[in-house]
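Inspection log for the structure reproduced underneath, given as C-alpha cells.
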Amino acid sequence: MLFSNRMINILIPIISVLLGLLSGAIIMFFFGYNPVEGYAALWNGAFGDSYFFGETIRQVTPYILSGLAVAFALRTGLLNIGVEGQVFVGWLASVWVGISFELPMVIHLPLAVLAAALAGAFWGFIPGILKAKLGVHEVIVTIMMNYIALYISNEMVRSVLTDGADRTPEIFPTASLASEWLASMTFYSRLHYGILIALFMAAVMWFVLNKTTTGFELRSVGFNQNASKYAGMNVSKNIVLAMVISGAFAGLAGAMEGLGTFGYMNVKSGFTNIGFDGIAVALLGANTALGVVLAAFLFGTLKIGALNMPTEAGVPTELVEIVIALIIFFVASSYIIRWVFLRFKKEGK
Amino acid sequence: MGIIDIIASIIPAAMVYAAPLIFTALGGVFSERSGIINIGLEGLMVMGAFVGVVFHLTFYDTFGAATPWVSILVAMAVSALFALVHAVASITFRADQVVSGVAINFLALGIGLFLTKQWYDKGQTDMVERPFYATDIPGLSQIPIIGDWFFSDWYMTSYLAIALAVLVWFIIYKTPFGLRLRSVGEHPMAADTNGIKVYRMRYIAVMLSGAFGGLGGSVYALTVALNFSHSTIVGQGFMALAAVIFGKWHPLGALGAAIFFGFAQSLSVFGSGLPLFEDVPQIFLLIAPYVLTILALAGFIGRAEAPKALGEPYVKGSR
Amino acid sequence: GSSDEGGEDQSSGGDSGESEDSSGEEAANGDFSVAMVTDVGGVDDKSFNQSAWEGLQAFGDENGMSKGEGFDYAQSESDSDYVTNLNRLVRQDYNLIFGIGYLLQPAIEEVAGQYGDTHFAIVDSVAEGDNIASITFKEHQGSFLAGVAAAKKTQSNQVGFVGGVDGDLINKFEAGFVAGVKSVNPDIEVDVQYAESFAAADKGKLIATNMYNKGVDVIYHASGATGNGVFAQAKDIKNNDPEANVWVIGVDRDQYEEGSVGDTNVTLTSMVKRVDIAVQDVSTQSMNGEFPGGEVLEYGLADDAVSIARTNEEALTEDIISSIEEWKEKIVNGDVEVPSTREDLETYVNSL
Amino acid sequence: MDYVIEMLNIRKEFPGIVANDNINLQVKKGEIHALLGENGAGKSTLMNVLFGLYQPEKGEIRVRGEKANITDPNVANGLGIGMVHQHFMLVDTFTVTENIVLGSEPKKMGRVNLKKAEQEVQELSERYGLNVDPRAKIRDISVGMQQRVEILKTLYRGAEILIFDEPTAVLTPQEIKELIQIMKSLVSEGKSIILITHKLKEIMEVCDRCTVIRKGQGIGTVDVAETNPTDLASLMVGREVSFSTEKKPAEPQETYLSIKDLRVKDVRGVEMVKGLNLDVKAGEIVGIAGVDGNGQSELIEAITGLRKTESGEIKLHDKALTNLTPRKVTQSGISHIPQDRHKFGLVLDFPIGENMVLQSYYDKPFSKNGVMNFKNIYKKANELIEEYDVRTPDAYTKARALSGGNQQKAIIGREVDRSPDLIIAAQPTRGLDVGAIEFIHQRLIEERDKGRAVLLLSFELEEIMNLSDRIAVMFDGQIVSEVKPEETNEQDLGLLMAGNTTVKAGGE
C-alpha cells in the first residue's frame, strides 16, 4: 500500500501548511516581492537567533492555552467564541493577585495562576449555565461576554487596581513567571515559565478527555445528548463543566500575559485577539491536545516571524495573515487532499 | 429636550448602528438556513467595507453623487464572489464550516490590508469624499411626531435595510426558492429526493450571504467609518451573527435583534443625558447593551431551534 | 538574502546585523542610524505614528539617508510585539530607537535596561533610564487653544469633547480643552464622553449625534478612528442643512480633509501635534552626540510642536485667530498655567 | 413480456464493500413486486440506484423497455418513478402540503400558491383514501400519517412506479392494513409497486412476485403464488429459519415492577399516561400492545427516569423508582432497550466498544478513580461482540458504521449483560430481518427463563403474541385490559387496542 491512513492523517496538515506557504510565495511573487527573501526574513524573525526563538515560544504560550480552550469546548459540542473575554478576566485576576499580596513565591505564584483560571472559569460558567438550563445559544452569550469583559477589566484597572491610571503597577516578583535563567539563555527574550504550564495543560486536556470518565461523559454529551441522558449522565452538568474547563484554560492564557509577558494589566482599547486566534489554532490542531500545541507553534512562528518581514524583506506583515488564512483553508478542506491521496492509492494498486 | 425629541434622535441613530448589522444578518440567515454555518460574516463585512471604500475613492469622478450606491453594489458583487471561497470549502470540499468561516475572517482582513498597502502605500485608505447622507423624506417628515421619528434624518440605507428584511422574509417564507432553501437546511436528503439541487442551493445561499455581508460592510464604511483600515470592522460581523441566532434564523427576527442592538447601544450613549440614567456610572451604561442582550435571551427569547442540518456537509447518499 | 542586490531589501543590517563585527550601519552619513517602533496604529495611522515617521524621513533627507539605510521603522501588530521589535532594531545596530506612543513605555524601559549602549526615546510618555529620552507634548496647551476656538465659535454655548479610551493621555486633551473653553466663557457647557475605543466609528457617530442633537455645535475629538464617526455625523448635518452651525475640531494632525462636505468644510481647526519636529530634533541631538538621555523633553506651544491648524480660513475668523494668539501669548509667557489633569482642571476652573 | 422496470446486472460499490453485485430485477406493469433480503443485503441500495440517488458502477436500467440514464431523482421523477424511503424524507417543520409540493411548487406571481397546492393535496388524498390533513405540520402527525405523506409525494409527481422501502416496519397493525388497501388500489389503477419488507406474511398477502437478494447478490425471482414463507425465508437467509419462537410456559414469581396510578405528561404538557396500573413479575414477559401514541413512550420514559412523573408510584422490589435519575434507575436493576436506537441507544460517533459500556464506564473494572481502563472495556466489548454475534470489523469501529441490525444486537448485548432484574425492551426488532429477530427473541426468552422480568413494548402484534406471557393492552394512557396470548387472537387484540371494551378479555 502506498500510503497508510495513519500516514495520510499526518501528511495532510503538513501538505496544507506547504500549500499555504506556496500560495503566499505566489502572491509575493505576483506583487513583485522576492518570496525567498520574504520567507528567509520570516524564518530569521522567528528563529534567527535564540532571542527570537525565545520570543516565538513566548508568543506560542498563550496560543496553546487559548487554543486548548476553544478545542476543549468544541470537543463537547460547544463553540466558545468567548475565549477572548475569558483571557481578559484571567489576565486581570492574575495581576490583581500579583500586585495585591506579598507572599512567598511558592504560594503567591500558584495563587495568581489559580486566580486566573478561576476567573476564566467563571466567565465560561455563565454561558455554560445559560446553555444548560435555558438553552440559550452559547455563541451569542460568549460574544456578549467578550465586550463585558473588555469594559469591566478596563474599569477595574482604572478604578480598583489603580487610582485612575492606565496601567497597574508591576506584579511582585513572587508572582512572576518570568525567569532570569530562561531570559539570559535567550538574550533577554521574555520567554517565561508559562510554556511549561501550557504544555502541562495540553497534557491535562489530553488526559481528561481521553482517559477519564469525566472526559468520556463530556465527549458523549458532545456527540449525543439524548443518549448521554439515557446512559445516566447529567447533561446539564457536563455542558457547564465543559464551559468552565474551557474558560479556565482561557483564563490561564490571560495569566501568561499578566504574569509572564507583561507583568501588569493595562487599559485596552480593543481585543487582544489571543482568544480569536485561539479559534484558528484549535481548528488547525483538529481540536486535539497535540494538534493544538503544534498549531500554536506554527501560529506563533508565523506571527513573530512576520514582524521581521517588512524590515528585512520589505514584505508587508499582512501577507502572513493571508498565508495563515490559506493554511486554515487547506487544513479545513483536507477532504479534497485525502481524496487525491485515495485516487493515488487506487491507481497505485 | 423633551422625550419626543430624544426619541426622534435615538431612532435614526439606532438605525444607523443597526442597518449594517441587519444587512449582514440577513446574509447570515440565508447561509444558515441552507445549512451552512457562517462565522465568516465578519470577514464578508471587511471585504464589503474594503471594496466599497476603494471603489468609491477610485470612481468618484465617474459616478459623482451616485457613487455610494454604485459602490455598495460593487461591494455586494465582489463579496459574493469572495464568499465563494467559503462555499467551495464547506460545500464541495466538505470542510468544517466553522473552520472555513474563521479562515474567511483572516483572509478578508489580510487581503484588504495587504491591498490597501499595495495601492495606497499606507495602512488605511483616504476618506471618501461623499458618503451617504441622511435626509428628510419630503412631505412625510412634516407629520407631527411620526415624521420626526421615522422620516427625518434617516439614511436611505436604513430604509433599505428594513425593506430588504421584509423582502428576504418574503423570499424565504413565500417563494418556491425559499421553501427549497429551508428544506435544504433542514433535511438536505429529503430535498435531494425531491429533485432539488442541494449543492446549488447552498452555493447560492452562501453567495447571497456574501452579497449581504458585503452590503453591510460597505454601508458601514460609507455611512460611519468613511475609510478602510484595520479598525473599520471590529466585531460587527460577530454582532450580526449574534443577531441571526437571537432572531432565531428568521429574517424579521434578525431585523428585530439588530434594531435591539442599535437601541441598546444608543441608550448607552444617550443615556447619560436622560434624567433616569444621570447618576448611573459610565461603566454600567457601557456594558448595558451586552448585558441586556443576555438577559433578553435568558428571560424571554430562550431556546432557539437552529436549522436541523446546520453544520453538516451534505454527502449524497450518506446515512 | 543579502546576495540579492537592490529591490526592497536595502537593509544592510538585515541578516548580517547579528554578527557584532560587521561594521553596523554604514549609512551615507557617518555611521549614525535611527529607527522607530510604532504602536498598533501602524506607521501610516494619519496620527502620531505617521507624524513620527515623517520626522524620521525628514531627518533622513537632511542627512542623505534612505529607508533601510540609516533609518527605518518596525510596525507592531499587538502589545506583545513592542519588546520584540525594539530588540530586533537593537540587534540591527541602530543607534537611536524611538518608541512611539505611551503604550511602549514599559517595553522601552525593559529593553533599554538590557542595552545600555543604545539610545532610546519614548514619545508621549516618561520612561526611566539614562539612555532614554522621554518626549512629551503639552497637548493640554494645544487643546486649550482648541477650547478657545470652540468657545469663540459656539452659538449655543454648548461644546463637546469625545475621547477615545479614558486615561491619563486623553485626559490631558480633555483638561486643556475644557480649561480653554471656560477661560473664554465660564458659562459654556462642555459635554464630555468617552467611546472606550479608538476604533469605534459607530460609537463615535452615536455620541456625536447625541451631542449635536442636544445643541452642542462644536466637538473636539481625541479618539483616533472613533473620530471618523464624529466627522461622519457633522458632515451629515451640514449636508442636510448647509446653514447648520456644526463643527469638529480634529486632533494630532490637520484633519481639514476629513471635514469636507461639498463646498464647505466642518473642520473648524485641528490640534496639531508635531511629533515629527520632536523626533527630528532628538535625532539630530543624538547624532551630534548631545543625546538628552534621562531627560524629559516637553514640547509645547513655545516650540511650535503643538499648534492650531488654520486651514479652514472661512470658519476660523480673524476674531477667533486673534483670540487664539492672545491666549497663546499668555501661555507661552507663563501667565496661564494650563491644567493637564482633571484635578488641576477643577482648581483652574474654580480660580476663574 | 412488457416490463416497466428492468435493472440488469447492477453493481454498486461503497468503499470496502460491494453492496450490489450483478443484481437483476424485472418488474411487470401492474404488479406488486417484493424485494426480500436480510439486513444489509443491499435492497435499499438497489432502489436508490433506481431512484437516481446512487450511480451504479455497472449495469443497465430500462424503463418501459427503453434504456434510461437516471442521474438524479429529478430524472426518476420524470420517468414516473417515485420512492417512499426507509427513513422518511420529510422536513419536520414543514406542513404536509409544503413537503409534498417541494421541488415542483405551483406558483402564483412568484410565490408558492399554497391554496392551490393544498387543494390538490386534498383531492389526491381523497382520491386514494389517504385522509391526511394538508395543513398539519409533519412533526405533529403520526408516523403512519407521515408515510401517507410520502406516498402522496410520489403520486403528486405522477409516479407510475412506486418503490416502498420497508413501509410497514414503523406502522401499527391497523395502519399496515390500511396501507395494504392503499397499495391494492394503486395497482388497480395500473401503477406498479416495488415493496421491500421483512415480513413474509405481507409478501404472501399482497405481492405477485418476489425477488430475493442475499449479501449483495441476486438469488432469483419467484412467483409468490408458488411459494410459502418458510421457503422464502430460507432462500433469503441461506438456511432454515424457525418462526414461532419455541418457549416453555412461564413460571412467574414475585412481583418485580409495580406501577400504581401513574400519571405522566409529554413535552407539550399534555397528560399521556392517565392513572396507569401495571405489575411485572419475575420470570415472565409482559407485552404492552397498543396503537402508537397512547402513552407508551411516556410510560417507558417515566420508568427509566428520562421523564418526570406527575403523580403515582413506580416500584421495583418495593423500592420506589419514582422520579429517580436515569443513573439511579439503571443502578437499581433496570435495563432499557430504547425504541429509537440512534437517538438514545448509541453514541454513533463512539467506537462500538465504548458504546458497550455507556452506562457502566464509571464502575470497576472499566474505570478506577475516574480513570478509564480501556483494556478492560475492549475486553468486555469483544466478549459481547462475540456472544451476541455483532458483525463489525472490530470493536474500534464507530457505531455509525454498523448496520441497524448489528447496532441493535450490540444494544441488546449491553443491556442484557448487565444482568438486570427488569429488562424493558421497546420495539427491539424494529426494521430487523427474520434472522436477527429470531436471535433477539431467543435472548429475551432466555432472560425470562433465568428469572428476569421482561417488559416488552411492540407495535407488532405478531411479536407481542409470540413473545408475551401476558399482554397488557394500553389505550389512552391506561391499561384497559390484560389477556393471555393463547386466549386471544390478533383480531380481538386489534379491537381492544382501538379502545373497544366490548370485547371480553380472554375472548370467546
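Here the chain labels run A, B, C and D in written order, and each chain numbers its own residues starting at 1.
Keep in mind that, in the parts below, contacts are C-beta pairs under 8 Å (C-beta built on N, C-alpha and C of every residue); 3 or more make two chains touch, one makes a residue touch a chain.
A quick note: this is a predicted structure, and the numbers were derived from the prediction, not measured.
Trainee: Count the touching C-beta pairs: is A-B or A-D ahead?
Mentor: A-B
Trainee: Can you check how far apart chain A and chain B are, centre to centre, with Cα atoms defining each centre and the answer in Å?
Mentor: 28
Trainee: When the centre of a chain is set as the mean of its C-alpha atoms, what distance in Å lies between chain A and chain D?
Mentor: Chain centroid spacing, chain A to chain D, equals 47 Å.
Trainee: In whole angstrom, what separates the CA-based centres of chain B and chain D?
Mentor: Here chain B and chain D have centroids separated by 45 Å.
Trainee: Centre to centre, by mean C-alpha position, how many angstrom separate chain B and chain C?
Mentor: 34
Trainee: Residues of chain A that contact two or more other chains, please.
Mentor: 151, 270
Trainee: Going by the contact rule already set, what residues in chain B reach two or more other chains?
Mentor: In chain B, the residues touching two or more other chains are 231, 234, 286.
Trainee: Which residue numbers or ranges of chain C touch two or more of the other chains?
Mentor: 196-199, in rising order.
Trainee: Could you list each pair of chains that touch one another?
Mentor: A-B, A-C, A-D, B-C, B-D
Trainee: Sort out for me which residues of chain B touch chain A in the complex.
Mentor: 85, 89-90, 92-96, 98-100, 102-107, 109-111, 113-114, 117-118, 231, 234-235, 238-239, 241-242, 245-246, 283, 286-287, 289-291, 293-294, 297-298, 301-304, 306
Trainee: Using the touch definition from the top, list the residues of chain C that touch chain B in their complex.
Mentor: Listed in rising order, the residues of chain C that touch chain B are 41-46, 50, 193-194, 196-203, 205-207, 209-210, 213-214, 224-225, 228-229, 231-232, 235-236, 239-240, 257-258, 260, 262.
Trainee: Enumerate the contact residues on chain A facing chain B in the complex.
Mentor: 31, 74, 79, 81, 126, 130, 134-137, 139-141, 143-145, 147-148, 151-152, 155, 270-271, 279-280, 283, 316, 318-326, 328-329, 331-336
Trainee: For chain B, which residues count as touching chain C in their complex?
Mentor: 1, 5, 9, 12-13, 16-17, 121-124, 126-127, 129-131, 133-136, 153, 220, 223-227, 229-232, 234, 236, 265-266, 269-270, 272-273, 282, 286
Trainee: How about chain B: which of its residues touch chain D in the complex?
Mentor: The touching residues are 170, 174-176, 179-180, 182-183, 186-187, 189-196, 308, 316-317, 319.
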